[in-house]
Structure formats: C-alpha cells, structure tokens
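Presented below are the structures under discussion, each in the form of structure tokens.
Both complexes below contain chain A, partnered by chain B and then by chain C.
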Partner chain A sequence: MDAKPPVNGSVTRRQFLRNGARLMTMTGLGVAAGALATRSTGAAWVWQIDPAKCLRCGNCATQCVLEQSAVKCVHAYAVCGYCQLCTGFFWPEPNELTTAAENQLCPTAAIKRTYVEDPYYQYSIDEQLCIGCAKCVEGCNRFGNGSLFLQIRHDRCLNCNECAIARTCPGEAFRRVPVEHPYLLKTTSR
Partner chain B sequence: MKPEFELFDRREFFGVVAKTAAVIGLAGGAEAGAEGQGTANPFAYDISRFQKTDPKLIAYEEVTRWPIPHKDARRLAIGPDDQLYVCAGNYINCLSRTGQRGLELALAGPACCVAVARDGAIFAGLRDHIEVFDSKGGRVARWESPDPKTWFTGLAAGGNDVFAADARKLVVLRYDRTGKIAGRIGRKDAARNVPGFIVPSPFLDVIIHRDGLLRVNNPGRHRVEAYTFDGDLEGAWGKPTAAIEGFCGCCNPIGLTALADGRIVTCEKGIPRVKIYSASGEFESVVAGSESFPENAHACTDLNDCIHGGIDAAVDSDGRIYILDIVTSDVRVMKRKG
Partner chain C sequence: MLRRLKFVGALGVMLLLALMVCAEQRFPPPDFENGYRLPSASTPAARQLWLQYADAGVLLAALGISVWLIYKKRSRRGLFWLSLFSLAYFGFYRKGCICPIGSPQNIVYGLFNPDYVVPATVLVFCFAPLVVALFAGRAFCAGVCPQGALQDLVLIKPVAVPLWLEQALSVIPYLFLGAGLIYAGTGTGFVICRYDPFVPFFRLSGGVFILTAGAAFLMAGMFVGRPYCRFLCPYGGLLRLASLVSKWRVRVTPDFCTQCRLCEQSCPFGAMREPAPSGTNPKWLWAERKRLGWLLALLPVLVAAGMWAGSKLSPAAAQLHPAVALAERYTRQQSHPVQYGLMTPESLSLQRAAEDPKAVLTAAADLRHRFDLACWLFGGWIGLVIGLKLVALSVRPGRTDFEPDRGACLACARCFAACPNERVRLGLMPAAGDPAPS
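Now for the complex of A and B:
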C-alpha cells in the first residue's frame, strides 16, 4: 500500500533528516571527485615550448619565476651540421674561430665546443650555465640548420598554473603538453 | 576686475576638469604604450650593422629587373651570344639581353643548374643526372651520375669538358663531351693535400676561370678553392666572418662567376650580398648589398631555417652582372657605376 504524500507539501522529521543526509553525502562525493579530478589534471599536463613558434625574444631568460629560468637551450644533434663556424656559438664577426671568450656569443659561456675531426666540431649545452636567453638559438636558426632550440626542463619547472613566461610570450609558443610526452623536440631542420 | 579668490563658475570648472582629465589620460596612454612595446631584448642577436653596406663600397647600380617565367629558380648562366639561361622549376628559360623570353626547355624534374658551351650546347643539371640539348633546344643526350644520391648544384662547360658539382657527394665530376666521367675533383685526399668540400646546404658551384683553373666554392670552409682540371688543389682564399670582406654564416659563398679580367664574383645567403674579389682573393667591392635583397634576407629570419634563401650571378661580355634572386624570382641587371 502506497504511503500518502504529506498534506500541503509538508515533510516529516524523518523524511527531512533522510533527505538532508542524502544531500550531504552527494555533496561530499562531488567535492571529493572534483578535488581528485583537479589534482589529476594538474599532474597530467605540463608546460612546453613549441620550437616552431619560438621567436627567440629573450623573455624566457627574464620572465620565469625561478631565479634561473627553467627554460634551457637543447641541441638536436641529428639536425646539427657540426659547423666549424657555428653561428650559435660565435659572434658574427669573430676574431678567429677559437673558444676565446671574445669570440663566444653565449653570455654565460654555456656552449662547449669540442673538436671531432677536420673541420667538424660538436656543440653541447651546459645547463647549469644556460639561462635560456635564446641568443644562440637565433644565431643557429638565422644561418644554420636550427638544431639549437629552447625547451622547458621539467626537473626545474614548477609547472605554475599560470606560467609567467607564457603570459608574455609574443609568439604564443607555450602550451600544455601531456606529461607522458613532456618535450617538443626537433627532428628535422624544417 | 576679478576678485582675488573668486570661485570658478560652472563653465570654468568643467573646462579645468576636462583639461586635467585630458592631461592625465595622455600621460597614462603614453605609459601604457611604453609597457605594451615591452623592453628591448637584452640578448638580441644583432647583425644590423652587416645588413647595411657602406655606400663607398658599392661599385654597381641596378639598371633593370626582370621577372623570370617560373618559380623555384636555382641558377643562371650566360651563353656565347650573351643570352641568359635561367633554371627555375622544371624549366630552363632563355632570356635576351633585353629580357625578352626565348627558348624554353621543359625537363622531367626540377632544374638545379645550367651551363652553356661556346658552341651553344646547353647542359641542364637535374638532381641526379645531366641532360644535354643543342643550341635550338633539341635533346641530344642524358648523362647519368655514378651515384644515385647525387645532387648536382653547379655546372661549368668548357671546350672539351663539362664539370658538374655534386653537393651531396662532395665532389666535382669531370665529364668529357660524350658524357664519360674523366675525373673527380675535390674529394678529401690527404696525399694530394685536398681537404674536401663541406657543403651543409645544397650550394656547391664550379666555374672555369680564364687562368685555366677551376674555381669551386667550399662553403663550409668559407673559401674559394682553385683546382686544375686533374684535381690538384692550387690555392684557396676566404675568411669566415659576417664583415663585408669575408663570408658569413655557416656556409658561404654559395655561387661564383668571373669577370672577363679574372676577378671573382661571389654570392652569399643569410646576409644576401654579391661581392667582387681579385683573382687571388682580395676583397674589392660590392655589387649589391644585403639591403638590395630584403625578401631574401627575410628568408633566414623567418621561423624556418636558412635553406630557402639564396642568389646566383652571371656576367656577360660587357661586364654587366646578372643577379638571380631565388626568393623574389627575378633577375637584376647590374652595371658598373660611372
């Protein structure tokens, strides 16, 4: 036999408490699910620079919240021409092609030049010294194969909700990428 | 006479308020504008001083400019009758001294280089072979390269020999006029003191100089090298620097030609410019500086790398220099000033 609805829409104390308990339970579950989902999203996506959009503006060196930027120059060795005159390493008008400080383009001497065989040299980045200024990236892209490019190093990046560099990036080169594929690497010179 | 401390009337009051608001607004706008422009990049890679040429060094002026019939130009050459042969796309086009279109040769693939012999025979370099035409455009022969990876980027035709620069295999092939390979020039060979060509981008060129030697650009070493037809290295010159007297970037020069008196004309990319050196390599003057090729210069400042820019040059019997801009697809005719 069906229970009769309360007259004039009124509820009994028991019904009121039961409904209240259901509401609280649903609300709690919703909050927990929301918090879980938010945490999951935060961990699954990280910031990265699209090298094809990077304008080498210098903001990566100056805008990061870290004292030394989380952005570093990286080198695609498969793309590199191993040039004797690397325009990412040397000033446009070097006195001579040696590693003397006055010939080097990098403000922190973060690029190491190693002889391979005549006339090839290998260029590697010392990330402890690199400040992510992109000066070498511009030199390499302007005259060379573009094997030097910037990437956010995730062992340093705080993964801020709002990246301070992304906010000022004129090329809109910053984007969120899945944590499973945290780098956008160059594989060809184009 | 107004009292000393008279209160503003309504009109005066609104006027003062409006002026004050305008001044504040202008100041605020200027500040906001300054913020919007941002500060200059303290790490800028500045090559602006190399992109303007000292006018005193420029010895030539542009007489005229012709568009070429097809896109994707690569090289040009001068024939015995001073006609200009331009390879662009799948075609080789002949242009008269006044820019009138003449013979057009359709090829099976993109034309990479061209040379014309004294007898009028036309040699068209495709990526992996050479096609030979008579002076009227009739196909005479097809010369295969010895290597399937060949990438011909320069040709020079002499009386009995044709020299083909293979940018991928780093060698200049010497063909006889029957298409048989008679020698290989420029391969790394310590015993002959030949250092080998370094060609990071596909621009290896060869010319036959009036002194009887070949001149070949070695872009990765930033120099021009002189070889005998048998492959002996006789000398080299060139300095790696963006300054006007040297060759800029990773790999220059990319093209060569010679004036009748033996001086060498060089072409560069990156900072696109055409310059003249003595036969022994002393810098002499500028034919056209970087400011003459703004679109070409921009090809290397874009997000892409610098393999899309480039220029080539040829010289006619009057000493006029023809410059092919492969970005704007036109030929500039340059005449010595004065």
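Now for the complex of A and C:
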C-alpha cells in the first residue's frame, strides 16, 4: 500500500492552512518576545523582604517551601544600641539579664550575646539555628532601634516562581528585586 | 499561655513608653573605647547569572538532542536516558524553577505589570519548546520535561482511557491555562506553579495537600500514562496546539505503513489513531457536513455564553487576590467584628488596613474591575475551547495510515519498536522479500 498522501485538494489545503498557522504563530511569538525583550533591563529577579513593611507575623518560619525557611534574621550592627537589656534577646521582664534559656526570647537560642564593654553587649545571629520566626525582630523593632530584621538568604532561597511566603504575607512586604542588589538591608536608623 | 499574656501586657506598657521616646533611634549606638570594630552582616549572593544562562543553554541543547533522537535515531532508549538527565538536572538539581510550564504566567505578568521585566532566561524557557513544537512536535514533553520524566518512570501497566473520555479531558489543560493566565495578569499569583504536583518531590518538601496530589498523580500514573501531561498540564496544551501545525510529525513507520495494526496498542498515552475509513457513503457525508455547519454556527454562541458566565464568576475569582481578600475582611470586620489572636497574620493585616482604609478599598475596587475584564475573557476562552474541540472532533480525519494524533503524541518513541518495518530497518528482522535466515 502506498503511504504517500494522495494528491487531492483536501490534503494540500490542510497543509496550506498548517503552514499559514505556523507562520502566524511564529510571527506572534516573535512580536511578543521582541516586545518583552526590548523592555528588558534587569537580567533577573530574586525575592526579598522590605524590612519597612514587615509586620513580624511569623509566617516566614512556616510558609517557606523549604523545611527550614530561607528567611533568617539579620543584624544591622550600625543601627544596634548594644543594650544590656536587649528587647530582641530577652523576654519582657526577664528574671535576670543572663543567657539562661528561660530569659531568652529566641526559641532556638540562635542569638549569641557577648560582652563588649560596660554596659554594652553584642548580639549576633547564628544562622544555622535561626528559623526566621521574627520574635526577636518584633521585640527589637517595638522597643529598640530595630536593628534586627528579616531577610531572605539567597544561599538558601530556591527563588520559586511564586514565593510561598509572599502570597501569605500580611504586610505585602515581599517583592522581587534585581539580582545585582539582592538585599534590602537596614543601614541607618529607621 | 500565661507567659504569652504577660508578654502581651508588657508589650502594651512598653509601647506607651516607646511612643514617648523619640521616634528616631531610641538608643544611640555607643562610642566604644576598647577599639571594638562593628561587624557587618553577611550577604550571600544569589545564584550567578551565568548559571541561569547555562540553564537556558542546557534546555536548548536537550531540546536539540530530543529532536535528533526522535527523528534521526528513532531511539526510545536514547529518549529514556535524556529524560532521566532532565529529571536529574531540571528536576532535582534546579528544583523545578523556572520551568516552561509556569513561564507563560511570567510572560503575561510582565505584559500587564510594567514593574516586572521578564528575564531573558524566562523568555527562552517559555518560547524555545513552543518554537520546537511548531517544527518537530512535542520534543519537550518527550525528553526534556522533568515532570513528564517522573511520570514516565512510574508507568508500569498502561490502561487505555476510552477515546471519548480522553477527548473530553483534554479540554481541561486549556481551562487551567486560562485560569493561570488571568491570575497572573491580575497580579494575584502564579496558580500553575502553586498547584504543580511534582515540584514538591523535586524539593523534597511541600504542603500536605500538594504532596498528596503528587502521590495521587504518581499512583494513577502507574496505570494511566502521564495523567498530568495529558489532562492537566497547561503548557502541554500550548504544545499540543503548536504541534497540530508542526512541520514534521512523528510517524510510527520509518518508510511505509503496511496496515498491520501491530502498533495499535503500543501507545500508552492514547494517541494512536486508526486510518480514516475509505469510501464514504454520500448520505453520511451530507450529515457530517451538516453537523459541522451547525457546530461552526454554535461557536459564537458558546463564546458569548462563556463570556456571560465568566462575568458572573468575577466576584468569586477576585477573592483569591490578597488585596481584595484583605479589603473584604476589613469591610466585614466593620459590621461583624471577629476577634483574631494578637500578632497573627490576620490581625496584623487588619491593623495595616485600618491605618489607611481608603487606599486598601480603592486598590480592591480597581482590582475588581480588572477581574471583571479578565473573567469575561476567561469565559469567552472556555467557550472558544469547547466549541473548537467540537468542531475538531467533527472534521474528517485525513489519515491513511495508523498514526499518532499530532497534538496528543508526546513523541516518546515507544510505538517505533512495534512497527515491523522499523525492525527491518534496525536489522532485527529480515525484510519481506529476503530469504529466511537458515
């Protein structure tokens, strides 16, 4: 049996329509790609939290697709007051100002408190332990200088097309930033 | 609990105190006398840009190899190894993002939201498989898609889906695509990515719902070949359209068809189609033409009905947008207050809305107008898809041989081995005219 399509009107008409449709689709795709490419300035985007909009709700610790969130607490040392009673480190009305577990706000003891000089203490974040729950951020922002804040750590972030935390963020604090400037750090006082 | 209450109480007292203190830096940074130097926060860089270009390069190379394996080598084994590579690279190494399935959303989001510029890699991921499909069919589905590769791996006992069900379910991808695009265009979110059942497997973590859905798809996939690809994948829907008009197509036989029917059962994805019956009864022909005429006339009616129904969907659809949801919750809170826990996302977002209710409400109203248009278009799109499907079903097939359906064929190359002519080509079997080996 001959597999060659018989040369009659129906087949050639179909082929003609097919070629036409292909040409039109190619043109359409070309126009769309061209329109989008000409506007292109930034090379790529990554997600980041705007610290000024963050409401410290705690979603960052639970909503990330990673088992341990890509969001961690970051410390802007230049903003910090180096307080002896750090409201990001201690529970309100702590028993005593020591690093004992019952005094600490951080559920994973991820903040290290080290003595600098009287009466100042340095507070630094152990990122391995930090879960991004924002408890310290809340304490620091409400009563202190606000030097603790949440940021997406790009060594961990998968840069999902739809950030799972962003879509539940009550402050709409998540936004895409250019990959060249992937952090929104606090530098001066707020 | 007690500790929580105490904390809350202390918060209130200290908030008052804090308000009295000046709003600027409450505790001035100290001047250290012992030469202490301020440490600086570490900022690990995001994934290098050239690596993203490398991803696009790997995609293009894999597409090229896939086309070569389908048309030149006609090798199922080659495609299997290519799909394993894609599963490892795009799936488990790249963790599924960005993938072509979600990329049309980025394109639409970029078109309607001037703040977002679509990155070049996303353009490549979205358009390259489509362009390849316009020339060579669904080479992307065959060997490059990690989601497809994962489902292909678990397929052990394919069961044929009745053709009527297959045709009916193949409309769903377009509905999903339409929904995904209106939600992307209105800036609600990327629904297609949100409900991708396999990406959580690649990341080895995910929510209960989506992991269950993924497990269900894999379990169904043991008996129904690649269920997500065939009945849900929105990008597969686009590729199906593109391969309907493709320049080259997958053919079972390397040279000519002997109508031996050996390939009839070889397709696990229900893409194999019989030749059109030859010799037509003129009475049927007239009935067929009349039916086609009616369906063509029905097309605008379906589109109009869809638009009407779509416009009714708008208020419900808009609620998925966080800004609209917040505005609605805020208005509800005014008439029927609900007590939310302190520092919960609900109460915090309501506090934010209460700071500037007018802005929240106008933003929501603006979004609702966008949704009116988007849902109207979505409804029309559904009508168009269903109407065109009916028209396509009533057009006479021009097939003379056993052939895979142009659109439904995933180009997996399984059917090649069933063809005796292919076995002759490979030297596994003597040709009909040859003397039998002694």
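We take it that the second predicted complex is superposed on the first by the 147 of 190 C-alpha atoms of A that agree within 3 Å, B and C clash if a C-alpha of one lies under 4 Å from a C-alpha of the other, contacts with A are read in each partner's own complex, and residues count from 1 in each chain.
Rule of thumb we're sticking to: a residue touches a chain if its C-beta (ideal position, glycine included) is under 8 Å from a C-beta of that chain, and two chains touch if they have at least 3 such contacts.
Small disclaimer: the values here were computed from a predicted structure and weren't measured.
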item	value
Touching partner for A:C133 - first (chain B), second (chain C), both, neither	first
Contacts of A:C83 with chain B and chain C, given as first, second, both or neither	both
Touched partner set for A:P94, first chain B, second chain C, both or neither	first
Which superposed partner A:F143 touches (first chain B, second chain C, both, neither)	both
Between chain B and chain C, more extensive residue contact with chain A	C
First (chain B), second (chain C), both or neither touched by A:C157	second
Partner chain(s) touched by A:A52 [first = chain B, second = chain C, both, neither]	first
Common interface positions of chain A, toward chain B and toward chain C	55-58, 81, 83, 87, 92-93, 138, 142-145, 168, 170, 189-190
Touching residues (chain side chain B, partner chain A) in the complex	38, 41-45, 47, 50, 195, 198, 200, 220-222, 240-243, 248-251, 270, 300-301, 303-307
Chain A to chain C touching residues, read off their complex	1-3, 5-6, 10-11, 14, 17-19, 21-22, 25-26, 29, 32-33, 35-37, 39-46, 55-59, 65-67, 74-83, 87, 91-93, 116-117, 120, 122, 124, 138, 142-145, 153-155, 157-162, 167-172, 176, 179, 182-183, 185, 189-190
Residue numbers on chain C that touch chain A, as the complex places them	3, 6-7, 10-11, 14-15, 17-18, 24-30, 32-34, 36, 38-41, 43-47, 49, 52, 95, 97-98, 102, 105-107, 110-111, 116-121, 123, 127, 130-131, 134-135, 189-190, 193-194, 200, 203, 205-206, 242, 244-247, 253, 255-259, 322-323, 343-346, 348-349, 351-352, 398, 400-401
Residues of chain A defined as touching chain B within the complex	52-58, 61-62, 81, 83-87, 92-94, 97, 105, 107, 118-119, 133-135, 138-139, 141-146, 168, 170, 189-190
